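Next come two complexes, and both contain chain A; in the first it sits with chain B, in the second with chain C.
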Partner chain A sequence: MNAPIPSTERRRAPTDWKGADMQKRIAARYSSERRFRMIGLTAILMSAGFLAFLLISMLHEGASGFTRTELAVRVDFPKAPIVIDPATLRGEGADAVLASVNWQALTDQAATGALGQDGVWIAPGAWLVMRDAVKADPSLLQKSVTLSLPASDDLDIAAKSDGSPEAEAAYARLDKAGIATRAVNWDFLTSSDATDPTQVGIWGAFKGSLLTMAVTLLLSFPVGVLAALYLEEYAPRNRWTDMIEVSINNLAAVPSIIFGLLGLAVFLNVMHLPRSAALVGGMTLALMTMPVIVIAGRNAIKAVPPSIRDAALGIGASPIQVVFHHVLPLALPGIMTGTIIGMARALGETAPLLMIGMRAFIASPPGGITDPATVLPVQIFLWSDEVSKGFVEKTSAAIIVLLLFLLSMNSIAIYLRNKFERRW
Partner chain B sequence: MPQSSTPKMSARNVNVFYGEKQAIQNVSIDVDTDNVTAFIGPSGCGKSTFLRTLNRMNDTVASARVEGEITLDGENIYSSGMDVVQLRARVGMVFQKPNPFPKSIYDNIAYGPRIHGLASAKADLDVIVESSLRRAGLWDEVKDRLKDSGTALSGGQQQRLCIGRAIAVEPEVILMDEPCSALDPIATAKIEELIHELRGRYAIVIVTHNMQQAARVSQRTAFFHLGTLVEYGSTSEIFTNPREDRTKDYITGRYG
Partner chain C sequence: MNGVAIVTLILGLGLVAWLSARAKAVRLAPAPSGGASRNRSGRPLLHSLPVYHGWYAALWVLAPALLFLVIWANVMPGLVTERALQDSAAAALPIDAMSRSAILTEARNVALGNAQAAFDPRANALIEPYRSAHRFYSLGGALAALMLAFAGGAFAFTRIRPDFRARTKVERVVMSALLVASLIAIVTTVGIVGSLLWESLRFFAMVNPFDFLFGLKWSPQSAAMGYGNEDAFGAVPLFWGTIFIGAIIAMFVAIPLGLMSAIYLTQYARPAARAWLKPMLEVLAGVPTVVYGYFAALTIAPNLRDFAAWVGISNASSESALAAGLVMGVMIIPFVSSMADDSINSVPQSMRDGSLAMGATTSETIKQVLIPAALPGVVGGVLLAVSRAIGETMIVVMAAGLAANLTLNPFASVTTVTTQIVQLLTGDQEFESAKTLAAFALGLVLFVVTLLLNIVALHVVKRYREAYE
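Take a look at the complex of A and B:
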């Protein structure tokens, strides 16, 4: 069966592997290789640079948000115009007794007494510190003590960057006298939104985010995984399932604000669920997260080798046993990856939550999923809109908290994924 | 030719379709416990398809349709009264590519007995695991590392683990779909030896591409070609004195 080689074939000259043409081609190949590597490296360096810029500028701006300026004020309680028997503060009615005192006037008086003219630089909310100190230790009422009271917003800004000339002068004076000090602002981590930037805290928004994420996860994970399992393992392949698949893919790409409108129309207007609540926020975000989980889940389930299904069916496992004993455990790491991506997106979502009223001014942390709440990104948005200069660092500090939240959430998910990962 | 009195499984006029395409035409065959039955034939002749109809594994293919009658101990396995899950426990299967679960060796064997409720106490399960691994000829190699993953074993060991897994649910029939095609000659020899030992206890049907293997392990051979059963008889007769020209051409290497 030896067909004659065509004459043109026979006339081909032997390839000159060492010739000049060949050398030039090799050089061109090498340089294109080098060029491609350089472009790739530049892309990586650029994205790393942007990331570093973001992190550094956030830390630079936000780190001071976790501290505050405090003024040491000598308070002579026995001489102060309060008539409380310390014994009454140890019993049941302590809060009522405390409420009967005009702490604001007392604080102003003490500040003026101790600092003279500079007493005006005490924060409007400083009386809270004084009240809490007395509440914690009623014996203070019989003593003269030095309390560290937070300084006002203007002085705080003067201390950290550049404030008004008067504030700068006052800070220089107080700093020299050793009265002004810098301390960690624990209240920022434990309190909620306020109108005065020295009093604001992130805990309310943090807890709101936590509750909202819990609702989102509890709704979207089981529903998404079960939908993915049904579509992959049970549903027949026909026009209907094709249509469902296309719809799910489209849902994953719908802008989030539209989910917000849907939440407003359905959960608030039709179902009359509480406005501004973590429950409704979580439900709205669950709608947004579910398609992501379904798509990732289907891909993960598809990637489970069919031989494992055969093996289980071959020794008489029922379809549901095949799914829950073999397919789901093997697909779980992939499903979790999709869930992380979906939840991370939900955590950073602002627009749909504005639609359902989670942008309200919430001065106390939510007690449950039906209480009015706000979430970290919305809080950041609200603070970034404030006029007072003191909110700038608070905004950055809140961003740091949000990023840490995101990072810890992802770390837990990656840990779980690696734990469940099986190799074969 | 040893012929047992009652066949364990018998097929009568079986046709299999994948959608419009007919994969098996009018096959009738009996399988018994005393003999190992080998299905041979060129690629695409339908021998694997037919094997998979014997424990209804073809049910997982949406477009597959089976006509005719296949009985296990006289009971039609395609009747509505037959529970597929139980059928597959009674008619076990070993696949072409070793497919242990990504679980421990112990759990691989114990999985079947567990889901079928064959053992309640841990001690009972231990006995089943040991006896199944012994019968699969794997016990001595793995007895000290039952907690290791089944996927960490070599290919031949994995395949014996899969045979042990099938044995653990005490099936009546074991179907083997080219069990040695992914194994080296030494591992193949071990599996063949194992098949010899299991003969008589289980009805064994083996699909193979390797004619020498069919000659070595089986007592009865069925030759399939283009979806039809060309010839079925004792192995020695098929290989030495085939009745059909097509069989003769195939076993002498003219095609396939």
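Take a look at the complex of A and C:
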């Protein structure tokens, strides 16, 4: 049994590294290494490429949304059928006097008078420009002036890309005559939603976003920071604390639309708060942002070294003094960074706000947090549903504004992190 | 007296209390001298710093008065209505509760300045009683709040003595504020579960839960038009659409790209390149979903439809599952990548070094050592990504369409749970119908599924972390 096992195997020859076989295997392994590396690089370049494609196509489509085509129209006010004295426009009651004039008819008349047949290419909202010009400078009424009036949607599209044949022909004519010009569309930044794409603006939605964010920040920041302090510094280890932790972690992972359902069921149907208002939107988003702030806050508080607490306790500070005089100020930059990131996410959020009715057509900027409002992402969603072709560039332009806003928020977060981050 | 003015007044009183209580405490405090409990003049040292006495007094002014105002704001409308009904004009009101409350609402809106004029003459008669009742109770409430504030302030002020433990009292209040703040998380969770469950139960009173979960036909429109609820609320096509887009197509994009990006970033990229590439991937996660949705609907979907037509698929829809899934996959890449990054990085260095020392190339080490070792972490990350993808709303609302099809064709239009929630709840319909309540039942399913996915994922990741620590 214990007899030595006869060595039947042939003793292996030492590996011949220089042999052709081995060289071939090594080459194959190296090329597979290179292949794998290339696949990795391709994957990351594809992601980068998609991002670049997305941004470039938005910029490409949206850039023209900030400009509009204007037609130079000669208006001869003294001959126009207006019977108002310029003096009445300088004092009180100017608005009432202005309202008595049929600007629409006046503008149409002036356009047809100056441009003939091509007068139809004036935008339906062009009379607003004329009214505002007169309001700003009543002395115009005694003169004959050339006003730049916005062109209609069809002509605008013809000027920027390809529109209908008639519009293209008209634009070629007007462009040749030097009547049609491109100008920056400041109204886009200062007006609100409208039915005509040449009149729309994002200020209403932007203001709605600002109000909503203000409510969100006021509610979620104090609650989030206090909760983070409690959980990290004082909470006893028991079942209640575990429940709080589990629910915070779960809330951070709940789909945003569920928060919208909560807002609809509780804030609107039980508490009867005003529908479509920045108040309810902000409250809903605050519930969503709070867990993000708590989690970021806990990490920042955890990063403050225990020696600081020990030192403060050692010279007689109470536990509350330790936290509010020493730990919190040191953790604040980290908390701020987390808060800005959470706010940036809330700013881009659309679905929960659709649930609480912020998708209504709002033609004037909200005056307060209980007025009906809409926000930038919802405005983008609403415009993207419009059939009119003029809305395409406006949607992309609104996206550019939203992305710029988000970018600046994130830059502030990164700046804060780099400036105040402390390695202990 | 309106609410803002009275609140401002009480806040002002709080400030006065803070200043005067602190000043009183400062006056009581002896000049500092050493650490003895009595100084040379024989006066006892203050137990708490003067500022805590200030806070103590301010809290006694603010807390009772503001609490009272909140309660008062809730009970006052009832009291006002009660008093207005005492008026002789109320005798003309109809007995019928519906029209009665309509008239009362109208009168109230005019009385409070929310409306210009009432249409109903009976409401007109009630405006004046309403207004006077409102004035009576708001003035009464304001006076009571002010008296509470003064009483609280006076009580706190008399308690300021050198040995009074103001700091302990104030800190107890701060502590309970901290506790209340952290309980809000639980309240929110309970609110979500409660509201979803409550509305879902009402829905299941109308529709059999079995039909809802296993029915194959989804057409809430027909139910709304009065064809009955039996056949209209079968949610299987929605579940399938959600899984098809979020868990299949999106993951086909996100897993390979995310995993390979993470491998390249952790194993191959130079630190300088990594410093640029990683934030860039994170930008993908920061782009708002409505932008992705717009991009999917406007750029990707038409091109895919043309491509399908070119390949020869006849019934290609302009709102395809593929367009939504592809874009959603791109959105998910950073999640998969950062989870994979974490789990690859937490494989012990010794394992990697061992493999490299045996002569394996980097890619062989990755494929045969790192990935198998990091697999639980990667799987956990993928589960989290799936839960994220199925809860995503805007991309599918804008790009996936509304037709509830049970199809395997990625070029066809499918619909998802989130799309239907949005669809069911944005329109002008009464809240009590099965159609709107169905949205809450869908929300409940979505909540439960994402919750389970998250619990499983976190469990997997945790177990795996423990294996190496």
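One rule holds for everything that comes next: the second predicted complex is superposed on the first by the 364 of 424 C-alpha atoms of A that agree within 3 Å, B and C clash if a C-alpha of one lies under 4 Å from a C-alpha of the other, contacts with A are read in each partner's own complex, and residues count from 1 in each chain.
One rule holds for everything that comes next: a residue touches a chain if its C-beta (ideal position, glycine included) is under 8 Å from a C-beta of that chain, and two chains touch if they have at least 3 such contacts.
As the structure is a prediction and not an experimental result, all values here were calculated from the model.
Asks: After the match on chain A, would you call chain B and chain C a fit or a clash?
Replies: In the superposition, chain B and chain C stay clear of each other.
Asks: Residues of chain A touched by chain B versus by chain C: which partner has the larger set?
Replies: Per-residue touch count on chain A favours C.
Asks: Can A:K394 be said to touch chain B (first), chain C (second), both, or neither?
Replies: Neither chain B nor chain C is touched by A:K394.
Asks: Which holds for A:P222: it touches chain B only (first), chain C only (second), both, or neither?
Replies: Touch partner of A:P222: chain C, not chain B.
Asks: Taking the superposition on A as described, I'd like to know which of chain B and chain C A:E349 touches: first, second, both or neither.
Replies: Second partner only, chain C.
Asks: After the superposition on A, what does A:L41 contact: first (chain B), second (chain C), both or neither?
Replies: So A:L41 only meets chain C here.
Asks: Which holds for A:S318: it touches chain B only (first), chain C only (second), both, or neither?
Replies: both
Asks: Applying the document's definition of touch, where does A:R298 land relative to chain B and chain C: first, second, both, or neither?
Replies: neither
Asks: Go through the superposed model and pick first if A:R68 touches only chain B, second if only chain C, both, or neither.
Replies: So A:R68 meets neither chain B nor chain C here.
Asks: Working from the superposed arrangement, determine the closest approach of chain B to chain C, counting only CA atoms, in whole Å.
Replies: Between chain B and chain C, the minimum C-alpha distance equals 6 Å.
Asks: Taking the two structures together, which residues of chain A meet both chain B and chain C?
Replies: In the superposed arrangement, which is not itself an observed complex, chain A uses residues 318 for both chain B and chain C.
Asks: Please output the residues of chain C touching chain A within their complex, sorted ascending.
Replies: 167, 171, 174-175, 177-179, 181-186, 188-189, 191-192, 195-196, 198-199, 256-261, 263-265, 267-269, 277, 280-281, 283-284, 286-295, 297-299, 330, 333, 361-364, 366-367, 384, 387-388, 390-394, 397-398, 418, 421-422, 425-426, 431, 439-440, 443, 446-447, 450-451, 454, 458
Asks: Touching residues of chain A toward chain B in the complex: what are they?
Replies: Residues 236-237, 305, 307-318, 321, 325-326, 330, 422-424 of chain A touch chain B in their complex.
Asks: What residues on chain B touch chain A, complex-wise?
Replies: Contact set of chain B toward chain A: 55, 57, 60, 62, 85-90, 92-95, 97, 99-102, 111-112, 115-116, 149, 151, 162, 165-166, 168-169.
Asks: Provide the residue numbers of chain A that touch chain C in the complex, in ascending order.
Replies: Against chain C, chain A makes touches at 29-30, 32-33, 35-37, 39-44, 46-48, 50-51, 54, 57-58, 222-224, 226-227, 229-231, 234-235, 243-244, 247-251, 253-259, 261-262, 264-266, 269, 287, 290-291, 294, 318-320, 324, 344-345, 347-351, 354-355, 357, 359, 377-378, 380-381, 384, 392, 395-396, 399, 402-403, 406, 410.
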